[in-house]
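In what comes next, chain A is part of two complexes: it sits with chain B in the first one and with chain C in the second one.
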Partner chain A sequence: MLPNRSRLSVLVFLLPPLLLYGVAVLFPILQSLFLSFFSWNGISDMEFVGFANYVRMLTGDSVFWHSFINALGYLSICLVLQLGGALFVASLLTSLRRGAGIIKTLYLLPAVISTVAIAFLFVRIYSIDPVGLLNQVLGWIGLGGLERPWLSDVNTVLTAVSAPEGWRFTGLYMLIIYAALLAVPQELEEAARLDGANQWQLFTKIRFPYIRPVWITTTIMATTYGLRGFDIPYLMTNGGPGQSSELLTTYMYKTAFTSTDFGYASTISVFIVIECLVAVGLILLMLKRKADA
Partner chain B sequence: MKKLMRTAAVAAAVTLALAACGSGGGNPAANVSPTGEIKPRQISWLLSRPADGAVINIMKKVADEYAQTHPGFSLNLITTPDRPSYIQKYETLAAANKLPELFDTDATPFAQQLAKKGTMVDAEKLLKDLGVYDTYRTNALNYQRFDDGSLYMIPFQFELEYFWYNKALFQQAGVSVPKSLDDIPAMCTALRKAGITPLALDGQDQWPLERYVSYQPFRDAGPDFVQKLKKGDAKFSDATGQRTVNWISQLGGASCFQDGFSSQGYSDAQNLFTSGKAAMYNIGTWELPSLATDKLNPAVRSDVDYFTLPATPTSATAANEYVATSGIGMAVNSSTFDPLVKDFLKFALAKYPSEYAATGALSPTTNVQTTIPANATPLYKKAIDQAQDLGTKLAMPWDTQLDPTTNSRLQQELVLLAQGNVKPAEFTSTMDSTIAQNAPKFFK
Partner chain C sequence: MTAQTAPVTRPIPAPPSSPAPRRRRRKPNVFRSLSRVLIVLIVVVQVYPLAWLFLTSLRNEHDFATGDPFALPSSISFDNYVRAFQTGNLGQNILNSFIVTMGANLLIVLLGMMAAYALQVLGFRFSKFVRGLFLIGIIVPVQIALVPLFIDYSSVNLLDTYQSMIIPLAGFALPMSIYLFSSFFEYIPRETYEAASLDGAGPYRIFGLITLPLSTNTVVTVVLVNSIFIWNDFIFANTFVLSEGLKTIPLGLQNYIGAMGKVDWTATFAAVCITITPLLLVFLVLNKAMIQGLESGATKG
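== the complex of A and B ==
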């Protein structure tokens, strides 16, 4: 129990950031919720439409559902690359005796490059005319038949815009997981080895359970970042061709700032907030169940 | 939880941008004679033009000259050359009622709503009051007009759009200048057979492909078709609409555009043509310095020529009528319009045309003659002189005519149609329902 003076000090220090958080985060969410019940283009009078925007979004807007499915695909690819890749590289790094520092730096490098530079870099990599790196490599290894304009093909564009985002943050998550893996007590691993555990058992029975709290945090971070993905797809394809790489975030942005339909854009943003909360809730639930099992 | 809540950052961007919203108002747009004395201060122009382009350079110079006799005056030029980014900035400021003294806009439905609210000064009355109205090209002013004929934007340029082509590549493929738009798909097939990319297209910016969808209706039914279409009074399922839908589909089927065009940008398309890989390139006279001077690749310099939008004797519009634009216009904010703004505009608009024509560009006025640059090829003068033989009907770019949601959807669906990802029937149905859903909000 804190003495009164200390409690006051805590309040004095906590209140300003709490207020800032309320103004910068909670207030806009509540304002979006409010705006989602209106039809408003920014200069017209605001017209109360009740749940009409929600009905339109859920039942009458094919682009919204297309974007939602794309967003899930984008998230899946990002998670596989970021978490799967990070865990794989981090596990390999723990067995390295030399050069781990250089490899860590190399993997982390994309995380510090500007988004715009990454987007332009990958537009060139995927290009067919002039031939980009990917198509060139395919040609060199005898897979010329697979050469294509990756960003113009409706079947490949979503993967093509997801890969840079996944690649970009793999190093960051690798670093977090690597730090967690280093913290696994050596005596536990040695004991398991003495008991005859192989590498896979060592990983699944000792290492992974030990890093589970860090894994949960990393998964939540990667998922929320993935669901909020915007910049790279927007810069590389602007959601196209058609709606093939349109995500909920890019669609919301266009609805607000191109179509000037601020009410409907707010409805989509409310959906994004709910979607993120549901996703994180599900992750916590699944990982908690596994931990309890 | 804090992390989670941050996921609403994008939502916050929308709402924060709107926080200062208000219905706004402003002085009556018709008042072009504000009273009072001229009090020099800084005025701002929110614009979407190249930072080192002629318009900005000239206006900077003119503003400096004006400041010499009006100490304390300065012109703050805030440019966002990327058009989609500019439109977002301008519309957000309009929503917040925070537009500066001068701002750029096309004659879009959104701008018309601003004009109806009295946000903009009546440009026709202002130009007449300043005594310069009659010096402007009729076509330059008409391009800036809204559907009802009202004029709220002042043009600063005048551009004609041509099909530039490479004579040597045409000869190599055994094709000649098309006599009608319907000839183009067959030309593409012949050019492809000869290993040549028929048309260089900047697909990334979307408006260049949207130009193509406007061509058949302009020749088939004249400029009225888009006026009806945008309100839902005409449809893509009509005969004229079907003609353009099928034509775009045929262009795609004949591989008229370069592979992967949808992810290629402005400079990619230009390079394709200027490097001699593409046979045709549809672009305006603003590219004359790149296409008709000694800056052009010597390997293709003597092979480049142009033709205008093909027309047939049965076309609703004449051969000398095609896309001629006066670019994005400048609107004057009525709520900040005062004797200083008016006096500066009087000074600037009198000086601007001669300075602009001296750069080798076509002035929006007829009282000056374009200076042909010393390094120009003969094609430069030919392209400039073409402006003297221009008809009265303009092919309006559709991106300035349709409501913004329909326009975005059209741009997206056109790519799919040209790539063969959707069939003409599917395209028609999607676009007609999009127009039916969105047009009433803007054209009640």
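== the complex of A and C ==
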């Protein structure tokens, strides 16, 4: 603490940031919580309905549950691609002596591109008429039987919509994990090698335990980002065909701004917040436990 | 050489010792070249869609419809770029994105630095609680703010303005910025502050004369990392902005989807190329700083 600080100076420095943060983040959270107990279309008078929105969401709305399950599917595909892919590539990169810098840059490129551009790009890659990149490649390598309109096929659309999101951010997580892997002390690895550890043992017994704190952070980042995924599904399919690629976030958005049901939309967004908090809690519980054991 | 010739005269220990090092050397080599091949493959998969995007923007329409996606364009044409500028409002979109990015970054840096200064350097009784409050913003998804902000904006006539995008973008980025600044301020030695205090400098002068000038690197980091997300923001712009004149790049790109989904793909891809260029250039020039920023943002968290 600074010796001659005054209470006033603390307030001068703290109030402006708190004001912005309050207006943009804290107050809206409370407001959503408040609105979730009302029925309101934005024009007529607000009507207090108690827990009716919550009852409707949890018991009477099949679209909601469908979107919830889709959101979990979307999340798991993103996690596998982002964390699994990132860990794999980062481990491979540590065996390189030169050129890691340029690969890191290339790998991070997709993260710099806007989601609208990515959505355009992948709509074209998945398309069947005119034949898109993916179907063309499948045809060439002799898997022509798999060609299909990826975005209008109910069975593939969720995967097709999740993959670009996963693709976009693997570079980011790879970067973080790679930096952590480089920090593993060489002496530890050398000692393990001298004791006859193979690559797999080296990874599971030395490297991974060492980077566990970073792994927890990246898992939390990837999970919260995956749960708030919105742009790419919204732009590519708008939840369709039917509800087969509807996520909670896109459903909430449509409820709010297409059906102008602000009360019910707020109920769904409260659920999304709870879902994020529960997910972070679970990750901490699972990964911290293992670290202690 | 002498060491190698020596075992020949004593044949018994020589055979086991000479193949052993060779095998040990060959094994990592196989592993290394395998991982090199894999890395190249993965990078190709990762980067190819972008290269394809760029190549397509140079093809003429006929070439695009019939040609194979891996060939180079039969002739390079910049027609697409001309059409891209005619169809949309690209210049205006880029300017708008620039204004929003600058505005939000200014708030994020200035307010983030101030909050970190209050929390880390000045210190006060409820600082733990305030830190906790800011942590919420990292976990909570941005969508929660859409409905409330839409309602609030319409009641104070802020819908369809630059501020309507800047406020939530800055607000949700603030926690990470505070966090990065706090962890940097930890490294400024206490003695510096104490010496300045003894010389009679108050908290404001210390902030202006010591903390602010020392933080340049962290400012660059914060600005670079946030610019990626703000430049590309879609959800806030899409919710709060309606008029053409205020549309940022992501919204402007949507104009290229014509009625009934008829799309002029080559022109669209040209437009995409134009809009990603500014950020891409910054990224390629400053990628060391940016990569460092992204790494430190997470590893310290």
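Please note the rule applied: the second predicted complex is superposed on the first by the 276 of 293 C-alpha atoms of A that agree within 3 Å, B and C clash if a C-alpha of one lies under 4 Å from a C-alpha of the other, contacts with A are read in each partner's own complex, and residues count from 1 in each chain.
Note that a residue touches a chain if its C-beta (ideal position, glycine included) is under 8 Å from a C-beta of that chain, and two chains touch if they have at least 3 such contacts.
Not measured: the values here are computed from a predicted model.
*Asks:* If you stack the two complexes on chain A, which partner ends up touching A:283: first (chain B), second (chain C), both, or neither?
*Replies:* In the superposition, A:283 contacts neither chain B nor chain C.
*Asks:* Is A:184 touching anything from chain B or chain C once the two structures are fitted on A? First, second, both or neither.
*Replies:* In the superposition, A:184 touches no partner, neither chain B nor chain C.
*Asks:* Quick check on the superposed pair: does A:136 touch chain B, chain C, both, or neither? Answer first, second, both or neither.
*Replies:* second
*Asks:* Quick check on the superposed pair: does A:149 touch chain B, chain C, both, or neither? Answer first, second, both or neither.
*Replies:* In the superposition, A:149 touches chain B alone.
*Asks:* Quick one: classify A:128 as touching chain B (first), chain C (second), both or neither.
*Replies:* First partner only, chain B.
*Asks:* Who wins on chain A residues touched, chain B or chain C?
*Replies:* For chain A, the partner with the higher number of touched residues is C.
*Asks:* Please work out whether A:199 is in contact with chain B alone, chain C alone, both, or neither, and reply first, second, both or neither.
*Replies:* In the superposition, A:199 contacts chain C only.
*Asks:* For A:273 in the superposed arrangement: first (chain B), second (chain C), both or neither?
*Replies:* In the superposition, A:273 touches chain B and chain C alike.
*Asks:* Does chain B (first) or chain C (second) touch A:258, or do both, or does neither?
*Replies:* After superposition on chain A, A:258 lies in contact with chain B alone.
*Asks:* Applying the document's definition of touch, where does A:221 land relative to chain B and chain C: first, second, both, or neither?
*Replies:* In the superposition, A:221 contacts both chain B and chain C.
*Asks:* If you lay the two complexes on top of each other, which residues of chain A touch chain B in one and chain C in the other?
*Replies:* Overlap of chain B and chain C footprints on chain A: residues 21, 24-26, 28-29, 31-32, 35, 42, 220-221, 224, 227-228, 230, 249, 252-253, 256-257, 262, 265-266, 269-270, 272-273, 276-277, 280.
*Asks:* What residues on chain B touch chain A, complex-wise?
*Replies:* Going through chain B, the ones touching chain A are 2-12, 14-16, 18-19, 21, 23-24, 84, 87-88, 91-92, 94-95, 110, 113-114, 117, 119, 197, 203-204, 206, 258-264, 272, 404-405, 408-409, 412-413, 415-416, 419, 421-422, 438, 441.
*Asks:* In their shared complex, at which residues does chain C touch chain A?
*Replies:* The contact residues of chain C facing chain A are 31-32, 35-36, 38-39, 42-43, 46-47, 49-50, 52-53, 65, 68-69, 107, 111-112, 114-115, 117-119, 121-124, 130, 133-134, 136-152, 167-168, 170-172, 174-175, 178, 193-194, 197, 202-204, 206-207, 228, 231-232, 234-235, 239, 249-251, 253-254, 256, 265, 268-269, 272, 275-276, 279-280, 283-284, 287, 291, 294-295, 298-299, 301.
*Asks:* Sort out for me which residues of chain A touch chain B in the complex.
*Replies:* Interface residues on the chain A side: 21, 24-26, 28-29, 31-32, 35, 41-45, 63, 123, 126-129, 148-149, 151-152, 154, 220-221, 224, 227-228, 230, 236-243, 249, 252-262, 265-266, 269-270, 272-273, 276-277, 280.
*Asks:* Show me the residue ranges of chain A that touch chain C in the complex, using the header's touch definition.
*Replies:* 1-7, 9-10, 12-14, 16-18, 20-21, 23-29, 31-32, 35, 42, 85, 89, 92-93, 95-96, 103-117, 120-122, 124-125, 130, 133, 136, 167, 170-172, 175-176, 179-180, 199, 214, 217-218, 220-221, 224, 227-228, 230-231, 235, 249, 252-253, 256-257, 262, 265-266, 269-270, 272-273, 276-277, 280
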